[in-house]
Amino acid sequence: MTQTTPAHLEYVLRLGDAALIHGQRLSEWCGHAPVLEEDLALANMALDFVGQARMLLSHAGVLEGKGRDEDTLAFLRHEGQYRNPTLCEMPNTDFAHTMIKGFLLGSFNLLMWSRLCGSSDEALAAIAAKSLKEARYHVEHTGDWVIRLGDGTEESHRRAQAALDMLWPYTNELFAANPTDDAAAAAGVGPAWSDLAEDWEKAVLAVLKHATLTVPARTPFQSYGKFGRHSEHLGHLLAVMQHLPRSFPGATW
Amino acid sequence: MTQTTPAHLEYVLRLGDAALIHGQRLSEWCGHAPVLEEDLALANMALDFVGQARMLLSHAGVLEGKGRDEDTLAFLRHEGQYRNPTLCEMPNTDFAHTMIKGFLLGSFNLLMWSRLCGSSDEALAAIAAKSLKEARYHVEHTGDWVIRLGDGTEESHRRAQAALDMLWPYTNELFAANPTDDAAAAAGVGPAWSDLAEDWEKAVLAVLKHATLTVPARTPFQSYGKFGRHSEHLGHLLAVMQHLPRSFPGATW
Amino acid sequence: AAYQAEFDARIDAGATIEAKDWMPEAYRKTLVRQISQHAHSEIVGMLPEGNWISRAPSLKRKAILLAKVQDEGGHGLYLYAAAETLGVSRDDLTEALLSGKAKYSSIFNYPTLNWADVGVIGWLVDGAAIMNQIPLCKCSYGPYARAMVRVCKEESFHQRQGYDALLAMMGGTDEQRELVQDAVNRWWWPSLMMFGPHDADSPNSGQSMRWGIKRISNDDLRQKFVDATVKQAEVLGVTLPDPELKWNEARGHYDFAAIDWDEFWNVVNGHGQCNVDRLAARVKAWEDGAWVREAAVAHADKQAAREKAAA
Amino acid sequence: AAYQAEFDARIDAGATIEAKDWMPEAYRKTLVRQISQHAHSEIVGMLPEGNWISRAPSLKRKAILLAKVQDEGGHGLYLYAAAETLGVSRDDLTEALLSGKAKYSSIFNYPTLNWADVGVIGWLVDGAAIMNQIPLCKCSYGPYARAMVRVCKEESFHQRQGYDALLAMMGGTDEQRELVQDAVNRWWWPSLMMFGPHDADSPNSGQSMRWGIKRISNDDLRQKFVDATVKQAEVLGVTLPDPELKWNEARGHYDFAAIDWDEFWNVVNGHGQCNVDRLAARVKAWEDGAWVREAAVAHADKQAAREKAAA
């Protein structure tokens, strides 16, 4: 395993938090989906992400070497200490938002895990190999829905377009360069996220076109979740997610 | 001041928690009301209830004599330790729910405070004198809206009726007899809540009739919030309300 | 009449009836009612536990709970499929649930009020369900029997997981133990009610027994459940909320107090603590999802038209 | 032309213009734009702080915050009333806000991310607002000037309360101090931007000065704010996030670094972090409330009809 640098830890934490927060949002659907099959599919995806979060946050705890385990990291940090991209924490709003978001993130994850299979961090490479398979299914499932909704009824097209318009600006953040990425790339831990921009856009635009959706123009909008500055949504999500561990300090479950 | 019995403490806690939880629900509206004037009115009522909660919970802390202050009681108890009637914790759902609920509870409070002005617990009597004036305004304001909504448009009538149908069964609980009430009544702390049923029903039915709303038949439905067994809604409310004090143990603000 | 005789003979011989076989209309109706009620129960049953997914106290427990609630949805799915073999559509069954015409298990009209409820539902509610369901694995209608084999297997897994979660809490802090005891206090009696009215008050039981749909009586199953659970409660270290509960040497069973049947019928008749909320949640999910289902159909139609045009 | 001359004379004499007085159309339009923008800012300004009402960490702070947000709504109310004296309706102004045509203060397009943000908004944002608004108390248009007297009085109260909340946190735990510093880091530069572009880049300032609507230039106000705030930050014990901030003996003022005007214009042009969310929240409140407003009108009509029939 490579030596742990702050950038290495930060990089893994970012992946772990992305899985954690996206998984939490997906799990909110459970029992409330539009059809029973989607209840199953959404729970299935949520499970994948919670599973990834467990592996990644455990690994981050090891890299940090301060005795924090997956649950300490998942439940006992303050808002500004989470490193997930803002996109993950955006509310479900409606099924279109969830599918568009899942597709945008899933397409990113697919490229990410595929590159991370060759990480110099062997534990991370092993997580990537498992997560890559899951990501293929996520992209397929959410991509199918993006097409169905975009190329479905007038209402579904309108909703899908509204979701895309709302969420698209948050994808700027995914590819924002920063020293963490440069250091991780230099050490062979994983790609600088900015390196994935071109492939991601190619893959995503193809599906959006098929879905007859209009890709919003890029704007100067910038979010900063992966740097620890989030939207107002994360605090509310954490209030719910952390309530029990915060209310029973020291308990194990 | 009367000697503190467990029933006396429980009785005051019940009043304090009712104000706390109802105030919390009302405050959720702030910035999201149908017209600016209602933003002000709802915030105003929320303020009244938060103020009542502060006085009542402080007083409960004194009666208990274990050094718990208003904030310890408000923020650091577990769900089953709250004593508010379930009706208080019901979600806002829409403006009709909030107004119907506010009217049903307000009418109860009006009778309650008017009786409590003569409490053998002088501190409680003083709180009652102040709260009574507030309750008059609450009943007037929410009662006006109940009439406007009930006797407004077809949609507003439908929504008001749906809210009444949903919330009415929870009023059974207000008048459920239990030993706490008997003991409090015997000690002159305050009326057994069941004693208020008749006057409450008379006052409420008059307004509902004016609002052209149909009063639902009484059913065997029973809720148990004032005995510490709540609906599923309270836990979610507490997750939000308690998050900060739980996240920063020992901090003062 | 010849059909009826053959049907009776097969039932008596313990053979299974399949979808393509002739069956009496009353038998079909009873099965549709029972299987669809069972399916609805799985779907509505996702809600009380689902209430805690976003607040699960560890990632491991969150994953277990998600998987469990997903399994319940899966059970719903293949039970609806079993019902469909009897000539009803899932849409019709859903419509019956949402309109309040069809029933589902009353147990899901109780609220989940603390995290231990999730464990207790696994232990007691799934435990009671398994007692009820194991005999159904040998039920006379083949598709139902086969579905139940799979359901029961997964349910026992859930029961063990629920019990395991409670063991962890009982080995924790005093506050955690209080949560477990509180949950047990609330779920014990409703669990006993899951076996239904006393045999004497259970009008349809006789015919169902005759048809090989039901194989053991309500009271016998309830007694079996009590006998099995008392020991588990001792291991766990919780008190079952029944002062009259004690071993009866003569009967070779545990005696227990009288069940509050008024409460049972109140909940069955719609006046439980969550009847309104549960149905409202299902109706909301269905209505909010209408545009999604319509989109899927519209897209499939467009695709089909395009393929036809291209052909 | 005679009217114009009289108007100019009154302005020059420092007299106030009242609603019934003649005024140039451009003056009226400038005032409507400015007053309604100000009113919209109060309304939208309820949202960032309102975000913390349900999570306020003590009952006292919850009450203070509720009262403050209520005051903001009140300011909105009497600013709309002041605008209405100029012949526009509140509905038209609301419509302009919701359609995105009208602007509101860009500061409210930044998110509130921790509890200290509430205090820092009181201290810095309300502080900057007061600097901007005190000169408006002597503005040439009477109804606006009078509204601003009341607004300013309440705003200074809010500023003191915000500062007091921060003092309490700085006297608390290390974690609490970190919250305050984090909030100051995020709000400092946006607060400086509240005074608007440099005088050289502020095209409308000259005419507004001439009309007695604006009395002090953007840069002068900004400098005044910086000078006042540096000392308060020292007392508080927080570091203002500007390494170039230092006392300039020659100027008798604090120097500070260059403002990132790209960020300023991005937010003004709709690309701030919360522009979309804020407007969406207002639109949702308005649309969700439509049936309530309709009911009020319908009921009032019915009442009037009944009274007429009875008369």
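As written, the chains take the letters A, B, C and D, and residue 1 is the first residue of each chain.
Everything that follows uses one rule, which is that contacts are C-beta pairs under 8 Å (C-beta built on N, C-alpha and C of every residue); 3 or more make two chains touch, one makes a residue touch a chain.
Everything quoted here is computed from the prediction, not taken from an experiment.
Remark: among chain pairs A-D and B-D, B-D carries the greater number of C-beta contacts. Using mean Cα coordinates as chain centres, the one most removed from chain B is A. Work out the mean CA point of chain B and of chain C, and you get 36 Å between them. For the pair chain C and chain D, the distance between mean C-alpha positions equals 57 Å. Multi-chain contact residues of chain A, defined as those touching 2 or more other chains: 78, 239-240, 243. Within chain D, the positions touching two or more other chains are listed as 55, 175. With chains as nodes and touching pairs as edges, the resulting graph is of another kind, matching none of line, ring, star or complete.
Under the touch rule stated earlier, the contacting chain pairs are A-B, A-C, A-D, B-C, B-D. Here chain A touches chain D in the complex through residues 78-80, 166, 169, 219-223, 229-232, 235, 239, going by the rule given at the top. The touching residues of chain C, counted against chain A in their complex, run 43, 46-47, 50, 53-63, 66-67, 69-70, 73-74, 76-77, 80, 115, 165, 168-169, 172-173, 175-176, 281, 284-286, 288-296, 298-299, 302. The touching residues of chain C, when paired with chain B in their complex, are 48, 51, 55, 111-114, 175, 182, 186, 262, 266, 270-274, 276-277. Note for the complex: chain B touches chain D at residues 20, 24, 27-28, 30-40, 43-44, 46-47, 50-51, 53-54, 57, 70-71, 74-75, 94-95, 147-149, 151-153, 155-156, 159, 240-241, 243-245, 248, 250-253.
Residue ranges of chain B in contact with chain A, taken from their complex: 78, 236, 238-240, 242-243, 246-247, 249.
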